[in-house]
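Heads up: the structure comes next, in structure tokens.
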Amino acid sequence: MGCDARAVAAAVRAAAAVVTAHRDELVRLDQAIGDGDHGENLKRGFGFVVQALDESTPDTPGAVLKLVATTLISKVGGAAGPLYGTAFLRAATAVGDATELTPELVAKALRAALEGVVARGKAEVGDKTMVDALAPAAEVGSLAAAATAAERGAESTIPLVARKGRASYLGERAIGHQDPGARSTALVLRAFAEAAS
Amino acid sequence: MGCDARAVAAAVRAAAAVVTAHRDELVRLDQAIGDGDHGENLKRGFGFVVQALDESTPDTPGAVLKLVATTLISKVGGAAGPLYGTAFLRAATAVGDATELTPELVAKALRAALEGVVARGKAEVGDKTMVDALAPAAEVGSLAAAATAAERGAESTIPLVARKGRASYLGERAIGHQDPGARSTALVLRAFAEAAS
Amino acid sequence: MTVGIVIVSHSAALAAGVVELAGQMAPDVVIIAAGGDGDGGLGTDFEAVSEAVERAQSGDGVVLLYDLGSAKMVADLAVEMLGDPESAAVVDAPLVEGAVAGAVAAQAGADLDGVLSAAASALADQ
Amino acid sequence: MTVGIVIVSHSAALAAGVVELAGQMAPDVVIIAAGGDGDGGLGTDFEAVSEAVERAQSGDGVVLLYDLGSAKMVADLAVEMLGDPESAAVVDAPLVEGAVAGAVAAQAGADLDGVLSAAASALADQ
């Protein structure tokens, strides 16, 4: 299938549906090692994204990604806002004015998103954050492989102590819990992969 | 003259009158290197002290000093409350149950007051605080000499940089201003000396 | 039961805000605001601080945090005047960061020393 | 004109209290609170932060302080998105202590770097 602005918008809507369906799971994960709002943050943020896309869908994939970014930044008050916002903003810049996304552009966008999240939050792999899902995803060739890598990466956060974000206050007590941001990253990438397939 | 509880209470009333008369001067000093409330803090606090003495004057000099202490502690919200409060509390303990203050007891009370202020605020001589007035006062033999030493000590704060209290935020800009707490300490000791003479 | 926390501030709003922020990650910890001069103005209120320490005391101890040096002196005095001064302690820590770190430690069941050291080693960038 | 200050906090009360406390010793400095999620809840509000930076900007620069890591990210993003990102800076400092020290420095006419370093070197026990 082609991957023009409408296809990207459809993938974003699919991601919105998935985070909405998984709201409670993400809330529970964040209750265990944070303040319990991650599921609601993302549900609310992507809700506004869908609203914005309903009002007017931009012409290019990059413009869609930029709309996602600015909406999440202004509507999500919590770490997920600036982190997801920066990821989508860098992805938008990476794909430029292209009218169709190629697999190469998708891979470039993923790497740019990772770089943005790292620049924003200063977390490394192993710090028990969404970087643990996004970093392995940015290394592989296809969205489907990225989603699988992100799922593994998210699960790899379970035995870790957190070194960034609210969970970092917990010390050893974070062990045994999956990081909510890593989990939501895997969910979003899986939604993108399925929409693109 | 004798120095029983009534004489001590009269000296405290004299001090209250003096800090009230010098309220504006102390406010101006505190405006220059603090938040401008020192004159009002002391006026208000000693006002409550006089009220408490009006209601019932305790039997011993020590009990009078203790009443001054607890009143200042509960009524003065600002550094002066715990500092003056601790000074009077330690002085009260130093004079014990004596029914008349001797010059030796007065000297002992002054030294105890100084120790209390230092324990409370951790300031040393030269830090531009009330310790600069109280420390030289605690070294001399009579209240009159103590008042004179405190006045000199207060003036010695003018060229200093503050290392404790709000004025410590100002760095070099505190230079050229007399410390309000040192000034008020000198005023109170002069009032005591005159009441005792 | 957990260690309790008291926030001593010159500003009532500041103390209340710290309680709100720290409480979010420590729902079972008693965190009490002692802010303002008691008359709606900026200042500290010795009696409010003493009462707050009493309310925060469950038997496991109370940690006090403060905003400025004069609030620290009031907090120290309130602790010294307790029946058992060992049952509470004032910590030199950044107020907001220390309160959050201390509250999270208390929530996890840390004892008085544990909460004190969590607060004292809190970082601004976390 | 002086350097302006913005307090980015998850709590509206906390931000307002810090403004009140720091403002007391810096009456001529523009200090703006950007606290809460904009809906009365705990959280940060990117647009409120951006607006606060604009209001605090007199031409001499703006220093932003924050409470938790996510507030720092919002503050960084707001600065990066300014027309002139060099005109403002986020400082890693204890929120309350840094705000008071920074405000006093700004009141004395310090420039952006001076306010930043005053805030960053603020001590809890002062």
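We call the chains A, B, C and D, going by the order they appear; numbering starts again at 1 in every chain.
In this section, contacts are C-beta pairs under 8 Å (C-beta built on N, C-alpha and C of every residue); 3 or more make two chains touch, one makes a residue touch a chain.
Since the model is a prediction, treat every value here as computed from it, not as a measurement.
Common neighbours of chain A and chain C, by the contact definition above: D.
Taking B-D and A-D together, the pair of chains sharing more C-beta contacts is A-D. Rounded to whole angstrom, the centroid-to-centroid distance between chain B and chain D, based on C-alpha atoms, equals 38 Å.
Taking the mean of the C-alpha atoms as each chain's centre, chain A and chain D sit 29 Å apart.
In terms of their C-alpha centroids, the spacing between chain A and chain B amounts to 63 Å.
Taking each chain's centre as the average of its CA atoms, chain C and chain D sit 24 Å apart. Residue positions 10, 24, 42, 68-69, 100, 126 of chain D are each in touch with at least two other chains.
Of all residues in chain B, those that touch two or more other chains are 35, 166, 168.
Contact topology of the protein chains: irregular, matching none of line, ring, star or complete. Shown are all chain pairs that touch, namely A-C, A-D, B-C, B-D, C-D. Across the complex, chain B meets chain D through its residues 34-35, 166, 168-170, 173. Within the complex, the chain B residues that touch chain C are 35, 37, 73-74, 77-79, 81-83, 85-86, 120-121, 164-166, 168.
Every residue of chain D that touches chain B in the complex is listed here, in rising order: 24-25, 100-101, 104, 108, 126.
Against chain A, in their complex, chain D makes its touches with residues 10, 37-38, 42-47, 68-70, 73-74, 76-77.
Across the interface of their complex, chain C is touched by residues 9-18, 20-21, 24, 35, 42, 67-69, 72, 92-98, 100, 124-126 of chain D.
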